[in-house]
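Naming follows writing order (A, B, C, D, E and F), and every chain is counted from residue 1.
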Amino acid sequence: MTSETATPTPREDGRADDELRPIKITRGWLDHAAGSVLVEFGKTRVLCAASASEGVPRWRKGSGQGWVTAEYSMLPASTHTRSDRESVKGRIGGRTHEISRLIGRSLRAVIDYDAMGENTIQLDCDVLQADGGTRTAAITGAYVALVDACASLGVAGALTGSVAAVSVGIIDGTPRLDLPYVEDVRAETDMNVVMTGTGAFVEVQGTAEGAAFDRRELDALLDLAQKGCADLTELQRVALGA
Amino acid sequence: MTSETATPTPREDGRADDELRPIKITRGWLDHAAGSVLVEFGKTRVLCAASASEGVPRWRKGSGQGWVTAEYSMLPASTHTRSDRESVKGRIGGRTHEISRLIGRSLRAVIDYDAMGENTIQLDCDVLQADGGTRTAAITGAYVALVDACASLGVAGALTGSVAAVSVGIIDGTPRLDLPYVEDVRAETDMNVVMTGTGAFVEVQGTAEGAAFDRRELDALLDLAQKGCADLTELQRVALGA
Amino acid sequence: MTSETATPTPREDGRADDELRPIKITRGWLDHAAGSVLVEFGKTRVLCAASASEGVPRWRKGSGQGWVTAEYSMLPASTHTRSDRESVKGRIGGRTHEISRLIGRSLRAVIDYDAMGENTIQLDCDVLQADGGTRTAAITGAYVALVDACASLGVAGALTGSVAAVSVGIIDGTPRLDLPYVEDVRAETDMNVVMTGTGAFVEVQGTAEGAAFDRRELDALLDLAQKGCADLTELQRVALGA
Amino acid sequence: MTSETATPTPREDGRADDELRPIKITRGWLDHAAGSVLVEFGKTRVLCAASASEGVPRWRKGSGQGWVTAEYSMLPASTHTRSDRESVKGRIGGRTHEISRLIGRSLRAVIDYDAMGENTIQLDCDVLQADGGTRTAAITGAYVALVDACASLGVAGALTGSVAAVSVGIIDGTPRLDLPYVEDVRAETDMNVVMTGTGAFVEVQGTAEGAAFDRRELDALLDLAQKGCADLTELQRVALGA
Amino acid sequence: MTSETATPTPREDGRADDELRPIKITRGWLDHAAGSVLVEFGKTRVLCAASASEGVPRWRKGSGQGWVTAEYSMLPASTHTRSDRESVKGRIGGRTHEISRLIGRSLRAVIDYDAMGENTIQLDCDVLQADGGTRTAAITGAYVALVDACASLGVAGALTGSVAAVSVGIIDGTPRLDLPYVEDVRAETDMNVVMTGTGAFVEVQGTAEGAAFDRRELDALLDLAQKGCADLTELQRVALGA
Amino acid sequence: MTSETATPTPREDGRADDELRPIKITRGWLDHAAGSVLVEFGKTRVLCAASASEGVPRWRKGSGQGWVTAEYSMLPASTHTRSDRESVKGRIGGRTHEISRLIGRSLRAVIDYDAMGENTIQLDCDVLQADGGTRTAAITGAYVALVDACASLGVAGALTGSVAAVSVGIIDGTPRLDLPYVEDVRAETDMNVVMTGTGAFVEVQGTAEGAAFDRRELDALLDLAQKGCADLTELQRVALGA
């Protein structure tokens, strides 16, 4: 990491600025799903289930290709203050849509549709507890569940690589890795980065929450994210016993 | 139990006909909710969260009384075959509505609204894995979460008793307690019973799935349910360290 | 009836505790439907229409079996205070769902799907005026409409029996049969019972509105319901000229 | 009527071309509503209920003026072939919206808002059986229910006149009054006309179903409608005992 | 025009009572649609797009006949005070439904379905700016877009005539043609008239906004509308270079 | 630009790789809105309307601060193949939600809420014709409409800077600026960048559509975007006569 991290303000949880929270990846947390993972980034806890089924959506029939899609949701009591259920409101909010689409795109980046055959894998990422970084935890965990689901379908070769994701942000002028809620709400700039296991970018989504950021700050955040994703890739490998 | 249980057909999981599945009640499973319980009836796993907040719904304002309500939902991958999300479908199904209402009524049966003051406790019962008896597990676990939420609000005295619930059914002519999915789908008659810790009935919901049932069968099922609820009441007491 | 009914508090309408309200079953109230009944339990008035059509829902095609389903609804001005239309609200409430499902299950309990052939009968139970017991009136009337619809389809043999339903409750400690609205709102315990014409139970749905009830009270309510359903079965037979 | 009616093709029900179907207006059909009418135009049967309540919608508060609004709906089994419920479909169709708005406008044409005070009358027109002309029957019946509701609110003076409505159409070149379903589906031109008791027009809604119509045909239809509305006005007077 | 127009109160925009606003019909305003027109009636500006596609709705398949349908909508900022989006509200309002249906019926009045073959033309009429008469401008412009779409499908012969529409109303006792918003809100009677190019009526929709109107006033409005539609028909011909 | 742009494959429209399409910003396109702009990026045409109103949403009342929000939508016929209306589907899609949120965040980045006072400005960005880059055109045009709306509210000082947005992407290995539809669908990587007039980043949203991208490619895209936003900033200044 660069010298920006040498800031005198320490993180509440004592981590270094370029250090991930304690990460826990528990495979096989459910009995029915083809793949399932309880992924924890500190207090953030997301249940990622991959359901495999034969056949593909109508628009893809006869193509010989498979399909991977994802849905993200938060349990009402997962947040600091209870949130209303989207099923009760009768409509899915913009944020939920946005994150579901992000997860789907991220996983499809490492899928060879032809090698899947006409099978569908549906990822469900349900946030049991939210403490910042739920979408990046979801992507990181969902990849592991996807590996197990591909294996259960007998199409392990459909995976062309791995993906992991992490959040980075600038807090009080300091770039930091893997923001918990208390840092997330104070961040001037917030970025989610999805990368392959070989270090290429799949998604870069940066937003100025407070002040706009310059190119130098952007570069520092990208450096941090590259380190975080590399660390997560290694943890995924360990969890998969690969 | 009566002599009906002396049937030669053993249960798949080796239990006696009047025996509960292994029950596990884990308190404090979440960090934010006022009360939270992961309750397990065998492979059935329900996360019960009780969120406490000041104030009551508009129609109750100024009454000096509190309110308790509940919502039930199943995660898509909780079932043997993935179910579509109700938020995506844009409407809540009849079964979900029915169970949410049942849980709410059951918990309100042991609440003294006056002693609560104008506070609201919202129970969220989310089925993480379903293997039969999700609504009865939800009620049994939600009661424990409710106790913790009342304590956190400083209104422990608002609870006038305890509630627990269990399913019973007739399989191949034999009344059995606490049906897992494989028994539930084969049951001729299916009944959910909610009882107070002192052995009184709060809800009795019996349905002839196959043939209509006679009064003698109904009596045998009620006997079994009384035993099951008494056992669950004891397990709740242990979990609460009371 | 048992001695509980020897209470000194008379019913507002002068009935004995085990006496039904005046029941009126008018067949053929509509011109288009295959079967139609205007059923009256005192001031409660429900229009039950059975529409018959060839074919079955997709999931049942090719099975050779028929299907029976039901929908319940209340007209806005049927209640003491006008209720909003569910079509205007854009969603069906939990209570409506619950009752529609109950009516459907109750009628299906006396249907032999094979004898129906691949035909569908759709029951519509619309409450024109509500004064307690709308769901039990609906079931009792819908059965009669169903008989006419089966006859019109030429599958009279698809009916394996009859069903009737009645509400019972405990008011001021006294079990009573067929509660009008004024009694319903005061009932400590409220139970709806659906029975076949041969006296077997199809549904038992008891709820403690106030205090939980003991086994002896439950037994008294079941006794009352058995009597009420037997009386309704007789009235159905008369209406059908059987 | 003019010479167009001297057509050799007689009407199926034997009526003269300028003759209404048998009209029946039954007041007080419901017990709870402030005013209620079962109106029958031949086999068309519409239940019109007027619910009165204190207060007005938010946008009218403090104006000292009342409000009258209407909702129209068809029961599923009212039509020749069963129609799906709009509550089940989750949205109200264009035709329903259109007719509800027409009924509301028609009734408001004879209301003096100031004389009503800040009260609201809600008309519900539910078609129990449809055989053509449901919207015109609804308006004709709703007016009578409105009179009773105004009286019950003690604001009989809020009515500045009466309204009645009738359908007219051209069938095989012949203008005819009050079309039943069999004529309605064959009409080249279809017109619904709402008039006051004093013979002024409130609504004229003519549609060329087949060929466009010329001014002479339009005039003939208007003549017929004037006669029909005058006849209905007289029947309303009789029903109201005025 | 008749003598009613000899009123001393001049129109705000200086027009004669039987004079249209400046009308502008711009063809080919869009690049993708088969036909497109930006139509302007004074400040009222409606974008009419006709999308052509092979095939027809399911209920029409195999008939050999085509289909024409229309949807009307207003942009939020088109009105004097911003209106909420119907997509955001999640439901289409009654007025929108009503106008979409009117436009569709009007255009279908000049279509020979057989000559279209199994093709569908969908008209989208989006109001970019509203200043009264949006529905009549939409019909007038949509007809021109429809001509271009038929030509692009190679079925120019499917058009059996032309349609144009105009609003008329009585303001301060004076019948006037083509009302802008300031006149529309003050009109005692408001009528929209759709006519063919040969002077026959397709739709006549008159509404008493204030006082009911008599036959003489109705006749005066119809006279005005006939003149206005004839003028618009001529402008359509010019725009089409026919 | 860097050497990547020196590719031999020319762009279909003959532009240099770092060249914008012809940009047209027409202010005051509507009469009612406080600010309105028709913005054109080549064939992409977006109508941006800024409606100003006193008051703020409930959650912001009493704060003394203003609010700016945005909604994006596409007209059905704006796309190459007609898209269904979201109002008809009854729900807003994920893409629409995502872009509405992006536009709102981008504009709020240059707003001083305190200087606005308790006023709200609502931006409506309706795509009249889509040919790639609709969201970036919307942001660029909406900023200009926002300036006019602030002026009309008398709070010109609420703007702390300007924002503009552009899309960039890698096509056949070559980074290119401002992609039309034909390039967009072929892009391996697609990025939307929002920048302030002073060259700081507000949003960076990059997505690997085909292969993941490396840091060098990311840098090249950011360089291009910086140039494009600077050019757009200049065009905004000219349009505003500043």
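The rule we apply is simple: contacts are C-beta pairs under 8 Å (C-beta built on N, C-alpha and C of every residue); 3 or more make two chains touch, one makes a residue touch a chain.
Bear in mind that the values here come from a model prediction, so they are computed numbers and not experimental data.
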| item | value |
| --- | --- |
| Contacts common to chain D and chain E (chain labels) | none |
| Intersection of the contact lists for chain A and chain E | F |
| Greatest separation from chain F - chain, by CA centre | C |
| Where chain A and chain D are represented by their mean Cα positions, the distance between them in whole Å | 60 |
| Interchain centroid distance [CA atoms averaged], chain B/chain D, Å | 52 |
| Centre distance in Å when chain C and chain D are each reduced to the mean of their C-alpha atoms | 34 |
| Chain B and chain C, separation of their C-alpha mean positions in angstrom | 27 |
| Chain E, residues touching no fewer than two other chains | 90-92 |
| Residues of chain C that touch chain B when the two form their complex | 91-95, 97-98, 100-101, 105, 109, 191, 195-196, 198-208, 211-215, 218, 222, 226 |
| Residues on chain A engaged by chain B in the complex (per definition of touch) | 30-33, 36, 43, 47, 49, 51, 53, 71, 73, 75-82, 85-88, 90-92, 96, 122, 124, 126, 128-129, 131 |
